[in-house]
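Below you'll find the structure, written out as structure tokens, and then a few comments.
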Amino acid sequence: MTLTLLDELLLFSGATLLVALFIGRGLAAGWMVTILYGGQLLTLLKMAALGYGGGIIASSLSFTVMGQNLSWRFDALSWFFALITLGSALLSSWFACGAWERSYAKQGGNIWLFHLAMALNVLSMLILLASGDLLSLFIGWELVSWAGFLLMALAGGVATQAAMRYITYAMAGGMAIFGGLALVYSSSGSLQLDAVLIAVESMSTTKLWLLVILFGGGFGVKMGLLPFHLWQAPAYAETPGPGSAFLGAISSRMGLFAILLVLVKLFGIVNIDSLKIPFTLIDARDLLAWIAVFTIIFPTFTAMKQNDARHLLAWHGIGQGGYMLLGVVVADAMGGAGGLLHVFNHATYQAALFMAVTAVIHRTGTADLNKLGGLVVRMPLSFMVLLIGIIGLAGLPPMNGFVSKWLVYRSLLNEGMPLLFLAAVIGTLGTILSVYKLIHNIFLGQLRVEHEQVKEAPWSMMAPMLILAAIIFITGLFPGIPLAWVASVQEVVGLPATDYTLGGVESVSGSLDMIWVIGVLFAGFGIGAVIFYSAGRSKRVHQLDNYAGGHFLSADVRYQYSDNFYAGLMHLVGGWYRGSFLWLEKSVISLIDFLSLVMQGLYRRANAEFYLLSTALFVMAWVVI
Amino acid sequence: MAPLELLLELTLMPLVAFLVGMMMVLMMRRIAARIQRRVGPPLFQPLYDIVKLHSKQTQVSHGLIHDIGIVMAMGGYIAAETLLPVPGMNGIAEKGGIITLLYLMMIPSLGLALGVGQCANPNGSIGIARALTAMLAYDIPLVIVIFGVAYAAGTTNLVDIIAQQQAGGFATWGAVQMPLLAVAGLIAMHASLGKQPFEIYIAPAEIATGPMVEMSGKHLGGLFVMQCFQLYTISVLYVSLFLGGGSTWFDFLLKSFLVLAIPASIAYLFPRYRTEDLLRLMWKWPVMLGLIGVAFVL
Amino acid sequence: MSSINQIPVIEAKKGNPLARVFDELVRFCRSRSLFILHYCTGCGAIELPPAMTSRFDMERLGIQPMVSPRQADILLITGYVSIKTLKRVILTYEQMGSPKYVIGICSCTVNGGMYWQSYATAKKLDEYMPVDLYIAGCMPRPEAVIAGLQQLMDSIHAGKANSWEDYYRNYDYYLGNQQKLFGDNWQTPTDVIAEAKHYNLLSKGTLGVHTRLLEQHQQPLEALEMRLGHNLKEPTE
Amino acid sequence: MNGALALTIALPLLGAFLLPVLMRVSVAFGVWIGPAILAYGCWILGDLWLTGSMQPFSVALGGFAPPLGINLYADTLALLFALAAQLLGLIFWPFKLDQDSARRQALMLLLVAASTGLALSGDLFNLYVFYELTAVATFGLVAASGTSAAYAATIRYLILSGIGSVLTLFGIALIYGQTGTLNLAHLAQLAPEQLSNELGLAAFLSLLIGIGVKAELFPVNTWVPEVYATASSRLSAFLAGLVSKLALLIILRLLLLVFHQPEAAQVILILGILGVVSGELAAWRAKEMRRMLAFSSIGQLGVLFIAMALPDGQGMLAVLALALHHLVIKSGLFMLADGWGGALQRLRGSAAASPLAAGLFVLFSLSLVGMPPLPGFWAKFTLITELAGQTEPLYLMGLTVFLLATVVEAAYLFRVAAIIYQSAPQERRPDEIPKAGGLSLATAGLFGAGLIATTLLIAPVGDRLQTIAAQAQDVDLYINTVFPATPGASQ
């Protein structure tokens, strides 16, 4: 039996897991695992042909269990997601090695378990991405869910609580998918993709609706789509630093992968479009699009109110997922490209942001936005990475996030969807507001006395951050690089492929060439710099030499604006934060609690024989009637 | 297009923008003075201010980011000018389009925000918080307006949008075709100028000019330069979207100055809004007008 | 800026005609664009609004009110200065960017005026900071204010309004007076001596008994340099 | 060889009566009797299983051919459960060297004998007898722990079980009155004419509810939490793991062979759904490990009932897979609960104290909620694909309830897992943290190993289960085996 490249990759990944498992407690285990991730990435790069024009690489691994065929294979879609997965795993693991690891162990963390969980996550994600039929998809799906649970829960305390919440949601989602799977099976008699593809054509509308709801809801839980988003932010935020970088970068995108595979590729956007909601003008596709934009808006504005940097980022992670879904649901060439490209872009900047915040935590011990400030003079490189990251996150030129958002906007514009367009822009504006709060409260403003002696993050942490920052910028400058992969993914899932160039996209209704845009932007900066620096040399002053209406400032008095940062905005919209979703969640829990109480009461009754007799009588009566 | 010619355009466009922008600043100040029955500043006052600020002996800086922020604030607009077609010069307008332009116009705000942040002055931070809030307020109607115009034109390319308007003369102007959007755009434009009654983030008596509180010398001078660009960009954008751009320079400048004169004439009659009132106003009337306008377009 | 002569004073660049034109332009612009910070401590403030608004309109002379000392060129002190406010005035003055000018309005700034008997007022402003111009009167009319400002503009244009240099050159004198009033441990966040060095204005009057007294207890606020941590102490654990 | 089958029932039965006497003679000898008998039983059954042609066969007891005589029917399904009874009896053997344990061991042997009989018997009345024997042995064993709570639970169980027996007897009487036979194979022949009426349904329902007491059927399972919480973990494991399945097996046989009315299936489905809902929800708030497992067990049995309710034995495979899976998992979990009794909050820090036990708990929980590569997933998969194939809305409701219950199940199981993995509170001394260890842990480990082995061998195991299910589903085969074409040559 010859091993295909996919076999090699999976074996490599399995080997990584074993290394983490057995010699993970040894010396330099982190570095070994990191190198192995690098090896996996190289193996993946050997499959690069998939990313440029498709094809399929099958695994020689396949089973038949209880009459079900299980097989695994890679295509452009899997390759694209696997690239992001392995890239973020490599960099997160690298980030974890060395200084971070030591301080984490010193605080009582279990570094062996951490590397193990990471390796497990990567392996399970690869298995999911390689799934060749719906059953193997579900198997991969559940593996990813539970592996994620392990990574989220391992920090203990608050993290475990958040992970518990996650797993409850994930189980609910998983069971929805399971149910959907059963329904698909009942009508197609098989879970092979081509069989399902045929069965979908003859499915009744009701069934298709049901399936869209079950699959959409199930996959949506992982993506953190409204109203299933509550678990995500605390779970990702409380995961140990590099873990949250990894999870934030790719984990919830597995939901998008599954949506692409099942809803877009198998069911087809056209079929979904034909599902009308009676008595309204909207159909299932509109519904998805609206869910997407609400997923953009609500979590983004929740992020704005967070006072913990990690939570803020994690909430944005949910919001950005909305752009991806929105682009995919719009489903024209530009929208699909935008949505898919955003997966890549989001992974890069989200990982960079989480790493930068983790670096700050590593040096200062806190991520509380009210307890930091002014760190730019002590951690300038981290500042730079965070800055590049937030520009990407906010979707401003010259970083890569701009390109993908631009594509999504353009598609909405082309399709004539003003409200969705508006909602997407509101999300972006909200993002700008909240990321400024992030960078301001950590790096700008007044440096606290206790942070006077803080040092820049160590190089083992700095290097992956800088690499990510470089990727963010380069793919912003040459979006054609990832767009090539995206175009082949679009072909695979049956969306129209976009017409890309190295610098952006070509279109009769307005093109984008980032090379030029960034070129003039930097030329502009250059001219600005000439104007600015032509004036006399500046004299640096201490932060306490500052205007305070004539007041004498001293180091013991905090002269920083951080809390309730957007007070004016909150005067108006503060009342709109009703916590409705939290309320909903609490209500469901109380309902279950109440029912549970009732049921326990039922079992606690002493006169059980009464039940027996009454049941018997009831049943008899029922029979006679 | 010959590279040299393009380079010339790319150099000339910001330069023109700066010169015209300075005149616009002067016009705003003169209008304000006239309304208050004053004489107002002399012709070259904006230039005097900028030169003086740049030649200050003391250039107080709070750090590298403080400096870079100002560079970004100027540079972002300088770049934006090359995407904004003027009579006879298109620059690289075809490579970006209106959405890119809109986003490039956010770069200066972000740069300023960074620079102010490092000043470690809470007044400045509050000012930036308010400025960003104001951006959230006026960008929503602005985006609706831009959506409407771009959708009606079927392109995001400003050159095409202008060409379409010029094709049929006055009757094909955006303002005639889409009057509701034009009105909404005017209101949003006024708010984006940051003048009364929407100058919540300057608020001298309240937060000591907010972002500018720690700005001195060339930093403040940079902001003055930025203001010139800002006025120019906003008014020319409006002219391009609704008033058919300019076929000749005279035509173009006339329209631009007239457009700017409208908010300038209104501004100094009113006191300042509170932040939440600005939001409420912006999210109500121009949004409503804009949405109705877009409904017509669709 | 390696020597004192390179400060834009007329004599310095006589050699280069282009520089002369440039200096002339700069001086002109400086005189035509003045941002004032009015430190309104007393009744004199009431005369400023008429000077700014429609009747007299300062703006036609290029004079604008500003709010923060960083932006301002002129510190306008209108009225008596109590010891408490004087501290703030000095801080504000030191935070202003050079070239900066001080105008004392009303008699109170000249000699204490009607408060000359008070234990709580600083009588002569120019003991504590160099004053370019006094506009006397109780209170001076807006015409007088405008006239004074015009006079200041003329002297700026002529390159004669250099009193701000005096503060650096004779810092010891001013500091001595300040210490007399505020006590020996008086200190502002601005490191004037370092600034004097920065502007090459260190002269023999800069340092003296009083600055030595200051140095004994001064905790210099050096600007926070951006650094990667290589020159920081290892955190003590 | 086939005749030895009767020995698997007879020997433990005999042993049970002789054991107390033997123990008085020689404790050292007496101690080994029970295990030896069970081991021999295992050997007989294992031998049958391995060497047999996989064709079912029937053993007429006492030389009287059915339907007059009593017969044992051994198809692969019955053999499997008989083997399970003997094996679990061996695994959960109450090893202890005192007088008290002699009584317990005797009861255990009795229980195993009765259980084996339940699995193998081909006669309804004989089943009833074994059923009663099981009940009696259980009473004794539950009460043997000697606490007042145990006595209270036993009384409660006794009353319920008694009424259940009466109902069962009533049902049997109805059947006998109608058909004049109690041999299952004979009944299977007669059923289409004589029992597919309201009377037959009434008889079935009486039987269902009566036997349902043991099978933890919904409203007659109120004894479960009390008994499982107070009895020893080993007994609970045996009861929850095996005896409930055997009762279920009887109902399944009846349903397959005799009662084909759709109403019968419907009642089972409804009661099954209610069982799932009540059990899983009650477990959500359980504050104590064993009680939680008891409620969970009710829920799982409810799932089995749902599977059983699938028309025409379509759910056979699912029932089989789920039952075996639950047997392994619940036994293992009860073994873990042995050291982890008391309030759940007390368990904080146990993972550090006994990592293997914690790992096993997580493994069992994962399989129970159906995490894919583990066998639990395949069992659930067989169920839901069958359920989704039904057009009747009640089945789809069953599907929905099942899926939702799984979510609840995951939530409460992993809440416990989270507690176990929490670090111990500061004020607690290390020796106060409950540890799971010794024999129970080893037993649990055995089940865990079995689970992992099944995971790895899932394809052959699945195939084997499919053949077993197909065989059990085949009514004609049953009848033909008991009444071969050539009369009198029943062996």
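A, B, C and D are the chain letters, set down in written order, and residue numbers restart from 1 in every chain.
Just so we're on the same page, contacts are C-beta pairs under 8 Å (C-beta built on N, C-alpha and C of every residue); 3 or more make two chains touch, one makes a residue touch a chain.
If you're wondering where the values come from, they're calculated on a predicted model, not measured in any experiment.
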Completion exercise
Chains sharing the largest count of C-beta contacts are A-B
Practice task
Compare the CA centroid of subunit B with every other chain's and tell me the farthest one.
Solution key: D
Problem - Centre-to-centre distance between subunit D and subunit B (centres being mean Cα positions), rounded to whole Å - result: 78
Handout entry: Distance between chain centroids, defined by C-alpha means - subunit B, subunit C (Å)
Key = 35
Completion exercise
Cα centroid separation, subunit A vs subunit C, in Å, comes to 56
Completion exercise
Chain-centre distance (mean CA atoms) for subunit A and subunit D, in whole Å, is 45
Completion exercise
Multi-chain contacts in subunit D, i.e. residues touching at least two other chains, fall at none
Fill in the blank from the handout: By the touch definition above, subunit B meets two or more other chains at residues 55-60, 63-64, 208, 213-214, 217
Exercise for the section: Mark out which residues of subunit C touch at least two other chains, giving numbers and ranges. Expected result: 68, 70, 95, 195, 223-224, 226
Practice task
Could you run through all the chain pairs that touch each other?
Solution key: A-B, A-C, A-D, B-C
Completion exercise
Given the complex, residues on subunit C that touch subunit A span 1, 68-70, 87-89, 91-92, 95, 188-190, 195, 198, 221-229, 232-233, 235
Problem - Complex contact set, residues of subunit B against subunit A - result: 10, 14, 54-65, 67, 70-80, 82-83, 92, 94-100, 103-104, 106-107, 110, 113-114, 117-123, 125-126, 128-130, 132-133, 135-136, 139-140, 143-144, 147-148, 150-151, 154-157, 160, 200, 208, 213-214, 217-218, 221-222, 225, 274-276, 279-280, 291, 294, 298
Fill in the blank from the handout: Within their complex, subunit C touches subunit B through residues 7-8, 25-26, 28-30, 32-33, 53-54, 57, 59-60, 62, 66-68, 70-71, 73, 95-100, 195, 199, 223-224, 226
Problem - Contacting residues of subunit D [partner subunit A, same complex] - result: 156, 159-160, 163-164, 167, 198, 201-202, 205-206, 209, 213, 219-225, 263, 267, 277-279, 281-286, 295, 317, 366, 369-373, 377-378, 380-382, 384-385, 387-389, 399-400, 403-404, 406-408, 410-411, 414-415, 418, 421-423, 458-459, 462-463, 466
Fill in the blank from the handout: The answer for subunit A against subunit D in the complex is residues 63-68, 135, 138-139, 142-143, 146, 149, 153, 156-157, 160-161, 163-164, 167-168, 171-172, 175-176, 178-179, 181-183, 185-186, 592-593, 595-600, 602-603, 605-606, 608-609, 611-616, 619-620, 622-624
